[in-house]
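Two complexes come next, and they have one chain in common, chain A, joined by chain B in the first and chain C in the second.
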Partner chain A sequence: MDIVKGVLDRSRLAAAKGITAVENEYPEATGIMQALYPHTGRAYILGITGPPGAGKSTLTDKLAKEYRKRGKTVGIIAVDPTSPYSGGAILGDRIRMMDIAMDEGVFIRSMATRGSLGGLSQKTADAVKVLDAFGCDIIIIETVGVGQSEVDIVKTADTTMVVLVPGLGDDIQAIKAGILEIGDLFTINKADREGVEKLHIEIEMMLELSGNKTGWKPPINRTIASESEGVLSVMDSIEAHAKYLKESDELKTRRAESIKTELLAMIAERIRRHINKTVAETRDFENTILRLQQREIDPYSIADDILDKIIKQ
Partner chain B sequence: MAEKRIRVLVAKPGLDGHDRGAKVVARALRDAGFEVIYTGIRLTPEQIVETALQEDVNVVALSLLSGAHNTLFPEVTKLLKEKGLNDVLVIGGGVIPDADIPSLKAAGIADIYTPGTPTGKIVEFIKANVK
Partner chain C sequence: MDIVKGVLDRSRLAAAKGITAVENEYPEATGIMQALYPHTGRAYILGITGPPGAGKSTLTDKLAKEYRKRGKTVGIIAVDPTSPYSGGAILGDRIRMMDIAMDEGVFIRSMATRGSLGGLSQKTADAVKVLDAFGCDIIIIETVGVGQSEVDIVKTADTTMVVLVPGLGDDIQAIKAGILEIGDLFTINKADREGVEKLHIEIEMMLELSGNKTGWKPPINRTIASESEGVLSVMDSIEAHAKYLKESDELKTRRAESIKTELLAMIAERIRRHINKTVAETRDFENTILRLQQREIDPYSIADDILDKIIKQ
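Let's look at the complex of A and B:
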């Protein structure tokens, strides 16, 4: 099967196979991405993150429906954590999205984090590119906002929305590390619950404290996603942010930044692989480890020596 | 390093809402190191097949307790073939009379699990038969 041609011809099977190739690091994945790259950069990318149970999938479902009403095609990448014990995962985001599953203008793919060190954001970014080349107008990346890799994933989005719910105890305290700073929009979901006002004030205070360096003030919307309440105002905020990014030229800056991060990460990954092959898998290296264990030498000098050798090659 | 994982769609076709069995199987498969796409109850065969396609799963595990297995299970295997998903292993479970099993197997359901099956047996079957 010619995956590249299939993706460009809008074959859903080809898109699915393309994402698998990227996700499983099949040898053909690089070739596929090379061929698809010129056809990417057209979709608008929306990142949605927040604590488990905040309603991200339900909100994603409602937003996707609204985009479809407006004639846009939608791709969704739903990322869920891999169990560190078994390496398996239960990917359940689709439960909330089954009524858009048959819509030909919607493509949903679940991805597990697989515990790969930093590799996840690259794989997600490549999956986004496959859907971009496939022709999705809007691509939504949905992740649980708990760790650095999840933050890295949504950083590649044009607009990032943080979804919160009232009543998670010390609401913001629990999740403030990292994920609040990346929000271009905030949505308080399940807004019929007690504690909405308190959470709203906390987000506002946090936003004031962090100081606004740009001309964009993150709006805070309230929704009851399961009832579709407030979804339209969220859409308005997304559109407003997209408009702001375009008019202020920040879209260009953001995308340049994201390309730069991606390229540097790719170079680093290639160097890492090179080192694994030429250094780590040699008999010499095993001897070095033994000598280190005996404290005959120190790792600081050895690391410098090895690097010097690699550069000279 | 390639990181291939077995991806399994656990799905409940038809109208019954008894998802305990499907959930137990989903957890057992996760604990065996599989990636399980869980889609909830009351799905049409069309929804299941479209999900299998988009998620590019290796296995579709159907659970059904309404008695409609003779209609819905073969419908899933038929649609999978129509979509070109020829490598997908399909298994089924639920309250299924022994007498129905041969015709289901003939329709492309690779294995059938009735109440009381240890989940380990399902895991072993998938590992041995996945393409």
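Let's look at the complex of A and C:
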């Protein structure tokens, strides 16, 4: 089938095949993406991240439902960067159990690590573009957010929501600090749990410490997503942020930044492949490693030597 | 002061300054590392990783104490990849509270994200080399292990221990799958908690599923680190693994692999810097981004074009 034509004709099967092509790095993937690219840039992209167990999937489910009520079509990409073995099966199961999975106006897809994580971030960005060209009004990227790779994944979103939950212990503090930077809105889920006030104050304090360089002050909402409590307030905050981005022209700046990051990552990935082919898989390189291991040479000088051989100056 | 000479003369101050030079990318850092490199490769490197709240710091503390009893000097590098804002301050505080922090035979250092995470993994590897040249017999790298970046950090270790804890909920399952691959030993800490048997069986099942390609079957120990319970069994397992690596010649293979990974990462980092300087910061590139944003061109073709300009074919 012609995947590009299918996607533009709103065929679910074509969209699924397009994402599969991207995910598995089929040879036709680049051609598909090149053809779809002119048809992208219309969807609004929402990133949802937060530590394991914060209830991100449930909240995503409820938000998607609310968007459907408002007549919007929704794409959901659930990214699981931590599970090379399970191939995202666990996340996939959870996704399939979502209430909205049977809705024709909702397209759900899970993506997991196959190979490098840099690759996963690129593949997620491409999957978003497929769903954008396919015609989804809203695309939600949901990812477990605790490391840099997850941050990279949600960076492509227009609005990023960080979901936290009271009482996850001390180490979580560090995580919060790490993802604060990317949060346009914060949601304290499971807000009937003990520690909600403490967490709220902590987020406020950290936001103050980090300083506000834009005209947007990240709101902190509270939800009990499993009971749909507070979901409408979250929706309001998302809409308010979208409005702010458009009116302040920041949407354009952000998207330019995101394209730039993506392009640089693509170049880096291509170079990585080039190095693997021309340097890492040669007999000469094996010999270099042996000499390094015997401390006859040092890696810092060798890295410079190899660079000189690869790069046009 | 001459940092290289100081480190080789076992000056703590020199070692601290060496790591600071590496961490902050001082111009002299490369020279220091080049000079220290021939004096590395003697320490045994233990990686400890696991989800937030698993009690890794406490376990590290107890293991370090036990090594001291056996007459070994210990270096501890605690890596916090999640906290760009706090600058590792939270982790640093926890580290300074360790019992063994006052012991002259123990060198403790925390490292946090400043800039790119790829950078952090390289800086950790360099800090390990400083402590190796400084004369530490055992070097423990402790990191919160939930994403690929943390996996990269502990990959340089000879023995990697994954610390888990019962009852952390569903999402943790995915994390477990992700870090299983790198575990040479598993420790279930807080083993007096409910769910310890379930977790034990889950780890065993996953290990069976993943298949065992070497002669080493990862042991699963149980500890209550805060009460020093089970720490000696963990020590035995570490020693057994070290013995296995040496006798099977796998230590040499692993270290060669680790040097290879590190060298390739160094090259990639240098290329990244080169691209930023020669491509990303030019007026021409800004124009490209604008045209991409207007969908006049597509990033996949542009990435290839830029590659042709940079790379010698």
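As a working rule, the second predicted complex is superposed on the first by the 284 of 313 C-alpha atoms of A that agree within 3 Å, B and C clash if a C-alpha of one lies under 4 Å from a C-alpha of the other, contacts with A are read in each partner's own complex, and residues count from 1 in each chain.
Here, a contact is a pair of C-beta atoms (placed from the backbone, for glycine too) under 8 Å apart; a residue touches a chain by one contact, two chains touch by 3 or more.
Remember, it's a predicted structure, so these values are computed and weren't measured experimentally.
J.: So in the superposed three-chain picture, is A:T20 touching just chain B, just chain C, both, or none of them (first/second/both/neither)?
T.: Only chain B is touched by A:T20; chain C is not.
J.: Quick one: is A:A303 in contact with chain B, with chain C, with both, or with neither? Answer first, second, both or neither.
T.: In the superposition, A:A303 touches chain C alone.
J.: Classify the contacts of A:I108 with the two partner chains as first (chain B alone), second (chain C alone), both, or neither.
T.: first
J.: Which partner does A:K277 contact after superposing on A: first (chain B), second (chain C), both, neither?
T.: In the superposition, A:K277 contacts neither chain B nor chain C.
J.: Kindly classify A:K217 by the partners it touches after superposition: chain B alone (first), chain C alone (second), both, or neither?
T.: A:K217: touches no partner chain.
J.: Applying the touch criterion given at the start, work out whether A:R12 contacts chain B, chain C, both or neither, answering first, second, both or neither.
T.: first
J.: Which chain makes contact with more of the residues of chain A, chain B or else chain C?
T.: Residues of chain A touched, chain B against chain C: more for C.
J.: Once the two structures are fitted together, what part of chain A is touched by chain B and by chain C alike?
T.: 82-83, 85-86, 90-91, 94, 116
J.: Can you check the complex and tell me which residues of chain A touch chain B?
T.: Chain A residues touching chain B: 12-13, 15-17, 19-20, 23-26, 82-83, 85-92, 94-95, 98, 101-102, 107-110, 112, 114, 116.
J.: List the residues on chain B that touch chain A in their complex, please.
T.: 1-5, 26-27, 29-40, 43, 46-47, 50-51, 53-56, 83-85
J.: Could you pull out which chain C residues touch chain A in their complex?
T.: Spelled out, the residues of chain C in touch with chain A are 30, 33-34, 37-38, 40-41, 51-53, 80-86, 90-91, 94, 113, 116-117, 144, 146-150, 168-175, 177-181, 206, 209-210, 252, 255-256, 259-260, 262-264, 266-268, 270-272, 274-276, 279-280, 285, 288-290, 292-293, 295, 298-304, 306-307, 309-312.
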